[in-house]
Amino acid sequence: MMLADLLHNCAACLSEGVLALTIIAVLIADMLLPFNTSRGVCTVLGVFGACAALLALAYAPPVTDPAAPEMFFSGVFISDRLSLIFKIIFYLGAIFTLLFSERSSELSRYRFGEYSALVLGAVLSASFLASANNFVLFLLAFETLSLCCYVLAAYDKHARLPGEAALKYLLYGAVASSIMLFGLSYIYGLTQTLSIDRSMVSLAEQAVLGTGTLVVYLSMLLVLTGIGFKIAMFPFHFWCPDVYQGAPTPVAAFLSVVSKAAGFAALLRLAAPVISAPQLAAYTSPVDRLQAMHLLFGLAACITMTYGNLAALRQTNAKRLLAYSSIAHAGYLLLGLAVFRSDAVEAMLAYLIIYTLMNLGAFWVVILLVRETGSSEIDSFAGAAFKSPLLFAVLFLCLISLTGLPPTAGFAAKFLLFKSVIAAGIDAMGGGARISLNAAYYFALALAGVLNSAVSLFYYMKFARKMVFEKQPNLQFACTRLEAMYALALGLPLLLLLDFDPLLDLVSGVLNPVLPTMLTLLK
Amino acid sequence: MLNEIELLAQIIFLLPVAAFTVLALCHHRLPGHGDLTATSVLGTSLVLSVAVFLAALHAPDNILVNISFPWLAAGEASILSGGILVDKLTAVMLVVVTLVSFLVHLFSVKYMEGDARYGRYYCGLLLFTASMLGLVLANNMLYLFIFWELVGLSSYVLIGHWFEKKCAADAAIKAFITTRIGDIGMLIGILICYVETGSLEFSEIFAAVHTGVLTGSLRTLAGLGIFFGAMGKSAQFPLHVWLPDAMEGPTPVSALIHAATMVAAGVYLTGRMLPIFDSPTLLAIAYVGGFTALFAATIALVQDDIKKVLAYSTVSQLGYMTLALGVGGYAAGLFHLTTHAFFKAGLFLGAGAVIYAMHHEQSMSKYGGLWRKMPKTTACYLLSTLALIGFPGFSGFWSKDAILADVLEFSLERGHYFLPLAGFVTVMLTAFYMFRQFFLTFTGEPRSKHAYEQAHDVPWQMLGPLVILAILSLTGGGFGHWFEEMNPKRNALEQIQDFARAGVQTPLVQEARFKSAAPRAKDLTPAARKTERVLTKHAESSGELRHFAHQTAMILSTALALAGMALAWLMYFQRKTGKVAFEPGRLVEWCPNIHRVLLHKYYLDELYRTLFILPLRRLSSFSALFDRGVIDSLVNAFGYAGRIGALAAEALDRLVVDGLLVLGLARASSACGERCRALQTGYIRQYLLFTLVAVVFLSVVLVYLL
Amino acid sequence: MKDFLQLMGSTTATPVGLEAYLIVAAALFVLGLTACIARRNAIGILIGIELMLNAAVLNFMAFWRFQGSPLDGPAALAGPVMGIFIIVLAACEAAVALAVLLNLYFNFGTVEVDMVHEMKE
Amino acid sequence: MAATETAGWLGANLSFWAITILVLVSAAFTVYARSIIQAAYSLFFTLLGMAGFYVLLGSGFLAIAQVIIYIGGILVLIMFGVLLTDRPIAAQTSSLKWTYAAASLGTGLLLVNVFIRIILSADWQPASALGEPREAIAELGHVLLGSQLLSLELAGLTLLLCLIGAAYLVRRREQ
Amino acid sequence: MSKLLLSLITFLPLGGMVILLCIPGRFSAIHRAVAVVTTGLVFLLTLVLAARFDPSQITTASVYSAYDAATFVECAWIKSFHIYYRLGVDGLSVALIVLTGLLSFLATFTAFSITKQVKAFFALYLILVTGMMGVFTALDFFLFYVFWELMLLPMYFLIGIWGGENRAYAAIKFFIYTLLGSVLILLVILAYYVKMKSIGVPEYAFNIPELIARRPFAYPGGATLMQHLLFWCLFIGFAIKVPSFPFHTWLPDAHVEAPTAISVILAGVLLKMGGYGILRLNYPLLPEVAGTDSVMYFLAVLGLVNIIYGAFCALGQKDFKRLVAYSSISHMGYVILGIAVLNSEGVNGAIFQMFAHGISSAMMFMLVGVIYERAHHREIARFGGLGVQMPNYFALAIVGFFASLGLPAMVGFVGEVLVLLGSFDYSRAITACATLGMLLTAAYILWTMQRVFLGTPKPEHQGFPDCSAWELISLVPLAVCAIVFGILPGCVLEIYRTSSAVFLSYF
């Protein structure tokens, strides 16, 4: 491999390189600095690194043709719209996680070098996952992400609950990823390649043609186990509430945003070649031939969101509640895969971006509440709204956004997602007046989605209600201006993004004026 | 000339309205809370009404004014209009209403003096009068209905004037609700008319009846509906129950209600709408009237409260009027309405004077010998009583005789002998109970010494109206000719058609008549057609029949009235010895059951209570409970279903039937949420096991089922 | 049965085929899965995971040996490469797992997973 | 020629059978052994057997890596883990719970059945030539530093992070 | 100016809210003043709108001619989905906007008795006003939905923070119920978007006038299953707001717990949105379904059930406010009945009934609020004789109650009688039953009046003062409206008569 070639390739993963360097820098800084200073320095370094990585994305090779993304490192590394969006999500998640962690009471006793390194490492591996086009890299990235997260979950190592959370997370995760690995081995056997795009297209072809169907489905099932664990999809979600509750709150926020998004990145990495494959278009109506896929994801979506929402109804612990809420959101997102079309993928990406903002916002307020009240039980938050109206306003905004109500971006997200489901239904009717079975299926999915979002309102509002409708006179609550700024930084976009135009431009590959301007500024 | 009448009519109506508005807003700033304002306004209206009446008297046409103005565009084509109709009937009614109302206003100045809500009382009176004037001036059913309801509202306000008393408040509600029951029928009648004819104006409805647009069972239904409304207002059996209770209001109000406004409205409506009633309806009207007359008279026999007796007598007299209208005695019925207004107002105001004198004591068993203390009142009262029982020469005699003659004639022609029988029996009963009342009140020895000592004759504000009314009771029979002129033909059928012809002077209808020459009475029932044949056959003998009926009725009714008087004299007139010729107590002992039933007014109130009011209340509290309870039971059911996974069909049924009740779903989903949470045991190995089971399950499905 | 034996190479006529390795790997995988559920000791579960990882490597190797990676070119060496990385990952996983377990042992005094269930509904 | 080939097959088949028995029996023992330390010992044989399979499948390098890393590293780590976390012998109870064991055995058997069915039903496409061992260490090096360069780098980072994380977790004193 | 008018009406309250937020929390008098001035200005603007509005230019001639051209505003908002900021009014909206302006202005005075968190209250209140105005002005489906939901959020807090004992429950019940309805509406919006896109006119995907004109789901040969689905999704969404049996159970709770001012808005305006939605979207978008015989009959019966069931429930209530709440259900039944029969009397009547109910129910709730301020309970049985104690209050109550009862010459009568005229044409049986509702209404209204006002005064009510000046300010205008519009209903009806003719032309 020539040097120039190597450099060209390295440019593609510039942001990952920046992160790797940051990890080293953080570790060195932590080694050199005393405890008190190292905290701030590591955080700042980490945030800067993540910001730099975010900016470095602008240097990523531009996507000229979404249908044929550019490959690097002999086809192992892929750089396309999908990976770009996911990387933005990951880096944003990392930035806010680090900022939150520094303010969290649960992590104040510990050094931050390892923490920053692990967060950045997790993000780094997640971004490799989003770009992986080879099962080797895919597996490594997947596992590295998991391993970092296991340690992060146990980072509050002197407490009991984080230990328990880490144990459950680790055992469940290791078993799930082993199962996935076994499934990957079958996929390799079926398609004789480790290259993901070729492999998945070939697999889909086999599914469509009906050759080796059982193994095809079994391998998919096994792979889905591992990914399902990451995105907390029913029935692989069991770890989720316990881990969110036990882990330090910023880590839970990280898991709910970055780790879940990484799971979806993995899923979409596998699914995207199939969705956009020109080979499959040759078969008559491939969508119909992949019935099992639609059915599987549709059912999974329905069950997952319903389970998450129903189980959340009676939660009294804020972190557990958010855990179930994140399960439910995984369900909504899976609707996009039930549709299995490119507009649905775009909707999923938009949804994920917005979900990142709103979930981080909600977690941020919870982090502060936990810090001030010393408990994550919702009851202990009573009356907090009047102590800090701004924070409450942001929390409320995030909660209604999570519910999917206008005038917040959460509505735009659900709007786009349900739109893609309904579009699939209407297209299945083929311009006729009869509602075919397929169409009815999609309509039912959409209905399940909206009804679920109505149900979810109940527990989100339970959260808000406690804070605003009840009084607790001796509650002390103080947050600094900076902390309020974080909240605003997450809350305001939620209002602004109701106009989802820029978001849609971002995900659908039409570069909006902001990005080129940013690019020229940087270059 | 006509324009002037239109203007006059408007002024007659608007004067009380304006006075009402002024009084409602600032009666406490006016001298005497506006009593004299109200009275003088009514006086003016009276004068103007008399002017209209005189104009009508000399008018060649029946209809003087019939103008419409758009009020509300109901649909694209149909516009609900308001309008004024002045015909001879209206003219009479205007005079009656304004006269009685004026006298009542005058009377109240003294009677209500010192009342806590004196100004408000006058507001009520003015509203009452204004609504009644609006009612008689309306040229369409919608306006009639509007004022009809306003009459109801005013009666509610006035009957409940002393609302601190529970019985007064109850009576007010009873009056409103009972009449509203009738109003529903009326509304349905109106709806039928509107839907069938596209208009609510009387003239167009009558034209539609005439041209056969509104016909058959719909016409019957409309007629019955409208008459049902009249039954409510005019207190016809079985909707009469409110009227005696309405005595809880101030006595002048009773006078107003009984003489000129509320109850008259029903009879007026029946008279006004007569053309749309077909013969079955008319027969029903006649029977209702006849039965009510008899029925109420029997109750009146045993009442002790001076006003209650008068109340039942009103019901009975209204029965007469309805009976008359039912047999086609248009002129007789409305004539009786007028004369009755005079003498019944006189009686009530007289009773008011007595009550005033006796310091609001109403029980006749506490009265006695009052003529010595208040001779003028007694004289007036006697005159009115004589008028009521139909003593020859008095106004009531003429009108009642006209009714009885019509009924007799009807019956001679067509059977239905119950009707004249009821009429004549009631004559005797009326005479009996009225003189019973008179004797108990004014003659004999005072039974309550204390009250008697303090009794005194009444001041001029009260006496004046009494005198005027007494004079009218005596002379009111002179109007009879005028009513006869108003409808010269006496045969029921002819009369109806004649009225329709007179009423429909719009070009449209005339044109229609010329064009189609609709077969006469094409919508008549076979019975009516038969009658018609009989009538034409006996055309020459018809006059003879009438003459015979008239004579018979006159003689018979006079005899019966005298008999009734004599009976009352026997039983209630205390001679010097303080004894009566025939102790009424003996009669009671003789048939105690009948007495008890009469005393309890045939237990109708109790019956209604058990039949309607209690079930209604129970139903409503049940619905209220249902509304809260069903949700809870649903919730339980849902929870149960969620818990044991009850039969899917049942669950589906519940889902379909009640599933969208959020709370039910919420509790159910919460219960399901609990089930979901039960999986979350906290044991990592169980989590792994669940996952393994899921994977195995899916792969087994894959292998063995797909 | 005869087919099965033939498949497993018990007859001398044919060499041991792909399916034989696959079945062994599957058995190993299932055994590992079983261990994860049956063992109460967290380390036992860890051992089960190692078995599953080995089963996966065996699959990769068998597929590579019998089918190759024609689409990735002759030099792709999918089996050994995958195997090496899986072994590396297994090592990492074991290290982290043992650290977590030791931490757990400090806090709870046990690594019996059934004793650790403070968080539940 | 044919005879030697047959002999080669026979030898390969025999060694396959031997290793299979070794691996499965020791693995079963690993799963169902009463004490965890016995399970760990038994795992040694399984891992060794796996190395044998790798040799049979033509990758000596992987076999060596298996022995060095798995047996020499991971297994020893596990042993340490067992020893570090073991209670005194008296307090030690069976690490197996028979209900779970039975349940897992049942589902396990079912699952094996499923797997076998699926594997047999599949239409695998073995390459026509079962040739000589294709692996060469140099080639492997090329692959690792060529197409899989990124994976290799990431693996290094993974090791680093895991070591840092693990060290952090077991370090008892802060600062 | 006229182009700005609708935007001003809609967003002026939001501006007021911003000013309000800038004023420190301790100046509650200034907060009140700001709220009064803002809502007052909005009311004036609505009057300007009504004055400028010319109903005669509303025709069926073209897609947009059904809306007031002078105030029609359209500019792009979310371009990729062709979502526009599109405001426009027709007669129906104008009538309801004026009503909203009036009630939100008057309810501000009612809210003066609130002392807790005054700033927050009025800030949320002003957001609510914006939401309500937005719903009535929006002609873009997406924008409509945004306003529709925007209304919910402040409402939740207004009930939840300033409500009665059980406020949290009532607030969440209200919120979830209405959300459940609105998500169904969302599904329909999406379906229309997708369909318009697939038939090649995505630029009109959220354009309500175009959607009505184009009817993308229409196929020859009657209503399809798809249309039925869409229709019922919309209908349930709006019926929850109306509220119609069996989706009505949020209403009593919400009303009982809400503070008076909010009950006024809730009953006076929010319930109208259900009817408005049905008239603006549900029926015009899917006339094929609405005109189906069975659907018409079903909805007419549903209206009837509302009338009777609501009245029965009201009759059985022990709580004054709950009774008024159930009376709302009963009255709104006429709206459903009137719309269902699809003739001009019915539709005109239904709209008038909405207007009338806005006035009478608002007044009733204010009346209940007045007495609750003094007695701190609402148990009807514990009142009695208040007519003696508070004569002015009694007088106003008579107006309010009889207006609600549907007494002729009062505002409640016109709507009812028009609806009955319309429905009688459609089905005699249903109408005959509906007239029973009038009787029941009379029964519960009078019975309540008797228990509250009539009878001997009770000693515990001795100290009750008559209505205060603020209370009179809010009550008297409504009383005047109740009478004036009862006598001259034409001045309301003329505003929307052409619009309802346009509405009927869709069928």
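By letter and in written order, the chains are A, B, C, D and E; residue numbering begins at 1 in each of them.
Note that in this section a contact is a pair of C-beta atoms (placed from the backbone, for glycine too) under 8 Å apart; a residue touches a chain by one contact, two chains touch by 3 or more.
Given the structure is predicted, the values throughout are model-derived calculations rather than measurements.
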Set of chains whose contacts include both subunit C and subunit A: B, D
Chains touching both subunit C and subunit D, listed by label: A, B
Reference subunit E; chain at largest CA-centroid distance: D
Innermost chain by mean C-alpha position: E
Chain pair that, of all pairs, has the most C-beta pairs in contact: C-D
Greatest separation from subunit B - chain, by CA centre: D
Whole-Å separation of chain centres (CA-atom averages), subunit A against subunit D: 32
Distance from subunit C to subunit B - Cα centre to Cα centre, in angstrom: 96
Cα-centroid distance, subunit B relative to subunit E, in whole angstrom: 37
Gap in Å, rounded to a whole number, between the CA centres of subunit D and subunit B: 101
For subunit C, residues contacting two or more additional chains: 22, 29, 32-33, 36-37, 40, 45-46, 48, 62, 64, 67-68, 70, 76, 81, 85, 89, 92-93, 96, 99-101, 103, 106, 113-114, 116-121
Residues of subunit B whose C-beta touches two or more other chains: 666, 677, 680, 682, 684-685, 688-689, 692, 699, 702-703
Subunit E, residues touching no fewer than two other chains: 176, 180
Every chain pair in contact, whichever chains are involved: A-B, A-C, A-D, A-E, B-C, B-D, B-E, C-D
In the complex, subunit C residues that touch subunit D: 7-10, 12, 14-24, 26-35, 37-41, 43-44, 46-48, 50-51, 54, 57-58, 61-62, 64-68, 70, 74-77, 79-81, 83-85, 87-96, 98-103, 105-106, 110-112, 114
In the complex, subunit A residues that touch subunit B: 167-168, 171-172, 175-176, 179, 213-214, 217-218, 221-222, 225, 235-236, 238-239, 241-242, 292, 307, 309-314, 455, 458
Touch list for subunit A against partner subunit D, complex: 1, 13, 20, 23, 27, 35, 73-77, 109-111, 114, 117-118, 121, 124-125, 128, 134, 136-137, 140-141, 143-144, 147-148, 150-151, 154-155, 157, 189-190, 192, 211-212, 214-215, 218
For the subunit B and subunit E complex, residues of the former touching the latter: 24, 70-78, 116-117, 120, 142, 145-150, 153, 156-157, 160, 163-166, 168-170, 172-173, 176-177, 180-181, 183-184, 187-188, 191-192, 194-195, 616-617, 619-625, 627, 631, 658, 660-663, 666
Interfacial residue positions of subunit C with respect to subunit A in the complex: 22, 25, 29, 32-33, 36, 42, 45-46, 48-49, 52-53, 55-56, 59-60, 62-64, 67-72, 76, 78, 81-82, 85-86, 89, 92-93, 96-97, 99-101, 103-104, 106-108, 113, 116-121
